[in-house]
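The next part holds the structures, each set out as C-alpha cells.
In the two assemblies presented below, subunit A is common to both, partnered first by subunit B and then by subunit C.
For the complex of A and B:
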C-alpha cells in the first residue's frame, strides 16, 4: 500500500469550528435588506381538479407584496431526467390538478412570515375532488383513477434487465424459493428544513442561496422553468443541514423565491416548517418486491427473477433512477448466471417518493438478503457460508452493468463473522436472543447521464501561489458528509501541502468550474476526487519542469512534492520550497498565475458506476418475549470502501447509517390514511435518539480501487442497506418470526410467534 | 401590540420590541441576529434550538420571549465568548468528529453543557440520557457521546487547575 501523508488520517472537518461556534451560515440564517418572506399554499386533497383560484383578498392584505399561482408562471414542467423529457411531469405550482395532499398550489410573499401565513388563509381555491389511489395494487388495477393524462396506466417508468435463460435455470435448480416483500416509505428527516433565498440584480439575473445537494441541477432547472438562460442564474449553496437524497431536485420554493424576486425586485426567502417537510416532503420509496431465486443442492445460485413495483407518489421525482437502480442492485453481491428484472414506477396520490440514501438499494437488497437467509436455513447451510460460496469477486462481470474492479466482499464476510463470534452465537443462542446478517454493495457515483449534462461529471480548479498556498475551486456540494475536507486532503496529498495551506471555494455555480452533478449516489470522493487529482498533476508537471531546468537535472530524474517542498526523488536536500517553485514558473511566464483544471467523466465503465463498495453487517438482538420489543445489543460491520481517505469521516458515515438503518428496520414509518400523513412531527415519526443507538464495531477491509483517487471508492451510502435485513435475520433467529414486510414492529413479532 | 422588553443574552442587554406570542427562538434569530440558535421543528422535539436560561437548558422554540425578562440567556454564541479559544465542549466536538452537517450541533452542545456543568464525569448512560432530547440524523450519536465524555474531562481538569 502506498505511503500517504494526509490521506488515511482522521483529519477534523474543515468547517468544524464554524459549526461548533454557531457561526456557520445556513440558508435560513441569511437576511437581506428589504427581504420578503414567502409561504406556500398546499392542496388539502389527495386528488382534485382546480376549478378556480381567487387571490384578491390575499393580495389586498396589508404587507402582502406578491401572490402567484401556476397560471402566472411560464408553465414549464421540470424533472431531473432531462434526457427523457417525457418523465418531467411536475410544474413548480400546480396547473389544473393536484395529485397529493401538500401539492403546491399558490405562493405568497409578504413583509414578514406571519403576514404571508395569514394571506394563505385568504386564498380561495375551488376544487373538484377526484377519486384517489393510495397503494400500488389499486393504482395499477384496470379502471383505476388516472393521475397524469399522459400516463393512463399509472405506470410511468418500465425498466427491464435480462440475461441468461431464467426459465431453464429454475428448471435445472434443486431448490427454488419465491417470496413477496413489502417495504415502507421513510423520511430523510434531515435536521435543517429546506429553505431558499433569491435576489434579482438590476440586469434581471438571479442569485439563489438554497439548501441543496445539487447546485448545478438547480441552476439548469431553475433557468428552464423561469425561461431564462443558465448563465443568468447563480446558485450558491450555504452550509446545508443534511440532505440524504431529499434535497436533490429543483423544488417549488426555489422557483417561487426566484420568480417573486424577479417580479417584485426584492429578495425573497422561503423556509419550510417541519410539518410541511413531513406532510409533503420527499421520502424513500415504498416497494412491493416479487423475488424468485434458484439454487443447486450445494448452495450454488442458478438465477433470480425479480419484479419490483415502486410506490412513486404523485410525481416521478427521482423515481426513474430508483427504478433502474433497484434492478441493478438485485443482481449485485452474488453471482447470478441468469437474471431477469422488471421494475415499474407507479403513481399514487401520495407525496412523491424520491432519492434517499441507498437509492433503491435498501429495498432491493432487503429482499435479496432476507431471501438468502431463508434459503440458507432451508438448504441447511450457514448463511455466511452460503454467501461466501456465491459472493462476487474482483474481475466479475455483470452484463450491461460493469466489471467489478475491486471487491473485498468475502474478506468482509469472514471478518464480520470473526468479530461477532458468529459461529458460537448462531449455534447456541440464549433465550430471546438472536444474531443475523445483512450485506450490501453500492455504487461510487452514477454513469448513466439522465440529467443530460453537457459538461464533465466533475470538475476542479486549482490555483497555486508564491506563498506556498493553493486554492481549490469546485462545485461539489458539502452537505455535512465532508467532501470539502476530503477533497482538500486529496489535494494536500498530491501537492505535498498541509491542510491549512489550502483554501476552498465550493458549490457556487458562478465561480466554480462547470460542472458537478452534486452530492448523491456516493459520487464525490470518486468523481470530484479524480478531478482534483488531475488538476494537481497538471500543476505538478509545470512545477517539476521549472525545477528541473533551474537545477539542471538529468532528464532521467523524477521529481516529487512533499512537506511544502519540490525535489528530485531520492535527493530531498536539493529541493526548493513549493512557493519558490511556483515563483519560478511564473517568472518564466511573465507573471501569469498558475491555474489548472481537472475533470472526470466515467467512460467505458458500463452503465451504472465506475466502482462498487461491499460490506457485511451482523446484528445481535434481544427480543422481549412478552412485549415483542426489539433491542439491538450490538452491530459488527466490515466494509470495503477502497482506500480510506479520512478515517473519522468514514466512521461517521457508518455510525450515521446505523442510526438510519435502525429507524428503517424498527421504528420509522409514515402513518398514512387516504393520502394523509398522520404523524408529521418528530414526536410521532420515531427516529432513533442517543438512547436507542447500540454500540458498534467496525473493520475496514483494505482494497485498492484502480478507478478511484488514491484507490478510494464509495463509503457511507451503501452502509444504509444492511442494517434492516441484519436485524430482521436476528429477530428471526431469536423468535422464529420472519419479517417480509418492514418495519419490524412488536405487533408483528407477537402475531408471528402465535402463528 | 408589540411590547418593549430587555433581554439579557450572553451577558449583554438587548432592548427589543416583541409581540406577546413571539418565541424566544424567533426573537433571538430575527431581532438579535443570533442565528447559531437553530430552528428544527418548532415543537420541542428535536432540540436544535436549545439555549440556556438561568443555567438550565430549554427549547427556545417553546419559550415565549416576553417571559424572559430579567433572566440570563445563553446561546451557542456565548459559550466561548472570546471567539479565539473554543469552549472544551466545542473543542471536543471538532476533534472527535461529533459534527457532520452541524445543524444539531449548537443545541447538542447546550445539552452537553447542561449535563457537564453539574456532572463533569458522567457515565455513558448519563450522557445518552442527557442528549436524548436532541436529534441528530448524521452521526449516529456515537462520536457526540464520546466528545461529551472528553469535554467533561477537559472541564474538570480546567476547574482543578483553577482551584489549585
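For the complex of A and C:
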C-alpha cells in the first residue's frame, strides 16, 4: 500500500450538503424567462402504423405555442453506436410506425405544463394496429411480425466469441451441466425523472441543460439529429439524481426541447412523470440464457458454451453493448480454457431495454454463478473451494480480452467465507435458514470505441493559482455516484492540497476540455482519474523546475508536493508554499497563468477494458416455510476495487448495490400484459426501501492496479452483480428451491421447495 | 394527468359539511386526501367540489372509555392512532393496523376513517375493526345514525353512505375479558406496501373454549370477507392444532380471490389458510393471557 494523504480517507461528498439542504439545482428547478413547458404524446399501441396525425385542434388551444410531429423534424436517426450507423434505429419522434406502448409520437410546448397536457388530448392520430411480439421466443419464430423493415429476422445484433475447442472440451469432461435461465427486466428507477431545458440564442446556438450521464454524447447526437454543428450545441449537466444506465443516450425530450426552442425562440422545458418513466423508460434487459459448462472430477473447469437472447424491446438503445458485454462477462470470472458464445439482440414490442448497472453482467453472471453452485453440489465440492480452484489470478490472460493486471478474487473468497462463518453455517444451517454465495468481476471502463469519438476518452484541465488553490475542469458527469469528489481527491493528493483548495467545474461541454464519454461502464475513476493525474504531473513538473532553480538545488534532488508546500524530498525545510511556487513559474513566464491538460485513452489493452474488479458476496436468509417469504438477514462482501480512493463512497456504492440487487432478486418486476406495463408506480413496482435493506459487512481487499490512478479500479457496477445469485443460492440452501428464473417469488419457493 | 379545476371547501361544522354536500351533489369529502387526490390525479376522477373535513372542530378526537370503548374521530390521523397510549394498551391490534398502513408521510396525512370510507378491499384498518364488531357513526340530512361496520362495505370503493352523509367516527365496543385479537397482512415488500392478503381475528374465551370467534379476510373479494364457516369450526372449541388446521383450510375455501399485479389467486388462497392459522393461534394466546 502506498502512503496517501487524502486518497483512502472517507471524504464527505462534494454535493452532500447541497442535496441534503435542498439547495442543489436539478434540471427541473431551472426556470428561464418566457420558458415554455413541453409534453410528449405517446403511442397507446404496442405496434401500429401511423396513418395520419391531425394537430390542428391542439395547436389552436389557447396557450399552446408549438406542436411537432416526426414529419416536422429533419428525420435523422440517432443511436449511440455511431461506429455502426446500421444500429441507429430511432427517430426522436416516430415516423410511420410505433413499436411500443409509450413510443413518442408528437410533442407540444405551451405556456404551462397543464395546457400542454390538455393539448395532447386534442391531437388525433389514426393508427392501423399491427400484431405485436412480446417475448423472445415469439419474436424469433419464422413468420413473426417484423418491427423494423431493415431487420426481417427481428435479431438486430449478433455477437460471437469462440476460442479453444468446446466440443472436445465437453467430450473430455467428467461432468457436463446444461441449464436454461431466464432473467427479467427491471427499472433503473432513478429518483430524478428525466428532464431537459433548452435555450436558443439569436445566433441559433443551443444550450441544453439535461439530466444525463453523457453530456458529450448528447452534444454530438443532438447536433447530428438537428443537422447542426457540434460546436453550436452546449450541453450542461446540472445536479443529477441518479442514472444507472437509463440516462446514457440522446432522448426524445432533449431533441424536442432543443428543436422547439429553436423554432419558437423561447426556452422550453420537458420533465417526465414517474408514470412515463415506468411505462416507457429504459430497462435492464430481460434475457434467456442457455448455458452448458464442463468440469473435470476434481472441479477444474473445461469449458463453457453460452447462448444468450436479449429481450431488446422496440429499439436497439444500448442493446448492442449489452449483447457484446454479456458474452465477455460469461468468461471473465473463472478460467475457461474453451469458450463459445453467441449473443443475439431481439426486438420485441416493449419499451427498449438498455444499459443498466452492470450492463449485461447481472444477467450473465446470475447464470454463471447459479450454475457454479449447482455444479459444486453435484460434484460434492464446497462452492467456495470450487471457485478458488477456477478463479482468475493476477497475470491471467482472458483470450481476446486482456491480461488481468491485478486480481484479489481468491483473497475475497477467503475473506467472505471467514467473515460470514461460511463453513459452519453451510454444514449445519438452522431450520428455515440458508447461506449462499455469488461473485463477480467487472470492467473499469470500456475500450471499444463504438461512439467513434475523435477525442481522448477522458480529459482534465487543471489551473493553479498564486493563492495556493487549483481549479479542475472536466467533462466527467457526476450523477450522484460521486466522481466530482473522487476526482478532486485525486487532484488534491497529487498536488498536496486540501479538498477545500480545489474548485471543480464539470460536465459543461462548452467549457470543460474535450472530451469524456460519460458516466457508465464504471469508467470515471479509472479514466478521468488518470487524466487528472496526468494534468497534475505536468503542473508539478513546472513547479518543481521553478523551485529547483530558485533554491539552487543539486540536480539529483527529487521534489514533492504535500501539505500545501513544494519541497525537495531530502530537504523538506527548503520547501516553499504551493502558491509561491506557482508565482515563481508565472513570473518566469511574464504572468502567463499555469494551465495544463491531461488525457486518457486506454491503449494496448485489448477491446474490452483496461482493468478488472472482483468480489464475493455471501447472503444469509430466513425463509418462512408457509408463506415462502424471504428475509435476508445479512450480507458479507469482500471485494477488490484496487486502491480505495474514498472509503465512504465505495461503501455507499455497496449499499446501493445491495438495495438494487435485493429488488432484482426478490421483488421488482414489470407486470406486463400485451406490451402494457400494469404497475407504473412505486406502490406496485416493488423497489425495496431503506427499511428492507439488511445489515451488511464489507472487507476491501487490497490490490494495486498498475493501469489505474493511484492503483484504483472500479467499484460502481460490479457490486450490483452478486446479490441475486447469492440470495438464490441461500434460498436453495434453506428450502431446496433452485431459482433459474428471476425473480425469486414466494409462490415459486412454495412450489419448488423440498417436501 | 392534469388535475381538473375544482372548488375547495373547508366547513367548520358537521352541519355545514352536510349542507354543502346537499348544495353540491357531485362533491366529495376529503380527509388526508391520500386516496382521493391520487384518484383525481391518476385515475381520471373529475370533481367540481372537494369538501375538506379537516377544519371541522372536534373530529380529531380519540377516546378510550372504560364503558363505551374506543372511539376514533374522522380526522384522527393514522399516525395518532398508531401511537396513542390507550389504544396501544387496550386495542393493540388497532394500533398495529394503523402503524402497518403506508409510510410515515402518508400516516401523517391520512386517517383511519378515510381508509374505511375509501372502501378498498385491501384497506389495512378494516379487518381488525370488523372483527371487533365496530360501528360507524354517520351524520346526514336525516340526522345521526350508527351502523355496524360489517354493513358499511358494499363493494370496491362503495359504502352504505347515503347522499350528503358523513362518517364522524368509528366506535369499537369495550372488549370482554379474555378477548384476544390479531391481524396479519402480507405484501411483496417488507415494510411499506399495500396488502396482497390479510386476515384479522377476534376470539373471546370461556375457559379454554372459544365462546366467540370473528374472522375477516381482506384483499380476497370486493369487500373484506367474513369467514362464517371458519368461525363455526372454531366456535365452542379449544383451539388445538387440528382445529386450527381445519379452520385454515376452511377459510381458504371461503374466499374467491382474483389475480392482480400484487399476487395470483392461487397464492392468495393458500395464504388465507396460513394467515388464518396464525391469527387464530395469536388471538387465542392473547385471549388466554
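Just so we're on the same page, the second predicted complex is superposed on the first by the 753 of 755 C-alpha atoms of A that agree within 3 Å, B and C clash if a C-alpha of one lies under 4 Å from a C-alpha of the other, contacts with A are read in each partner's own complex, and residues count from 1 in each chain.
The criterion applied here is as follows: contacts are C-beta pairs under 8 Å (C-beta built on N, C-alpha and C of every residue); 3 or more make two chains touch, one makes a residue touch a chain.
Because the structure is a prediction, the values reported are computed rather than measured.
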item	value
Most subunit A residues touched (candidates subunit B, subunit C)	B
Which superposed partner A:660 touches (first subunit B, second subunit C, both, neither)	first
Which of subunit B and subunit C A:190 touches, first, second, both or neither	first
Partner chain in contact with A:176 - subunit B first, subunit C second, else both or neither	neither
First, second, both or neither for A:151, with subunit B first and subunit C second	neither
Which superposed partner A:651 touches (first subunit B, second subunit C, both, neither)	first
First, second, both or neither for A:479, with subunit B first and subunit C second	first
Touched partner set for A:689, first subunit B, second subunit C, both or neither	both
Touching partner for A:746 - first (subunit B), second (subunit C), both, neither	second
Shared contact residues on subunit A - subunit B and subunit C	681, 683, 687, 689, 691
In the complex, subunit C residues that touch subunit A	1-3, 42, 186, 188-194, 261-264, 266-267, 270-271, 274, 277
Subunit C partner contacts - residues on subunit A that touch it in the complex	114, 117-118, 275, 626-627, 629, 631, 667, 671, 678-679, 681, 683-684, 686-689, 691-692, 745-747, 750
Subunit A residues touching subunit B - in the complex, by the definition given at the top	10, 12-13, 15-26, 28-29, 31, 188-193, 239-242, 244, 273-274, 479-482, 648-649, 651-652, 654-660, 681-683, 687, 689-691, 693, 696
Subunit B - residues contacting subunit A, complex	29-30, 33-43, 45-46, 48, 75-77, 79-80, 83, 86, 90-91, 93-95, 97, 99-106, 109, 127-129, 131-145
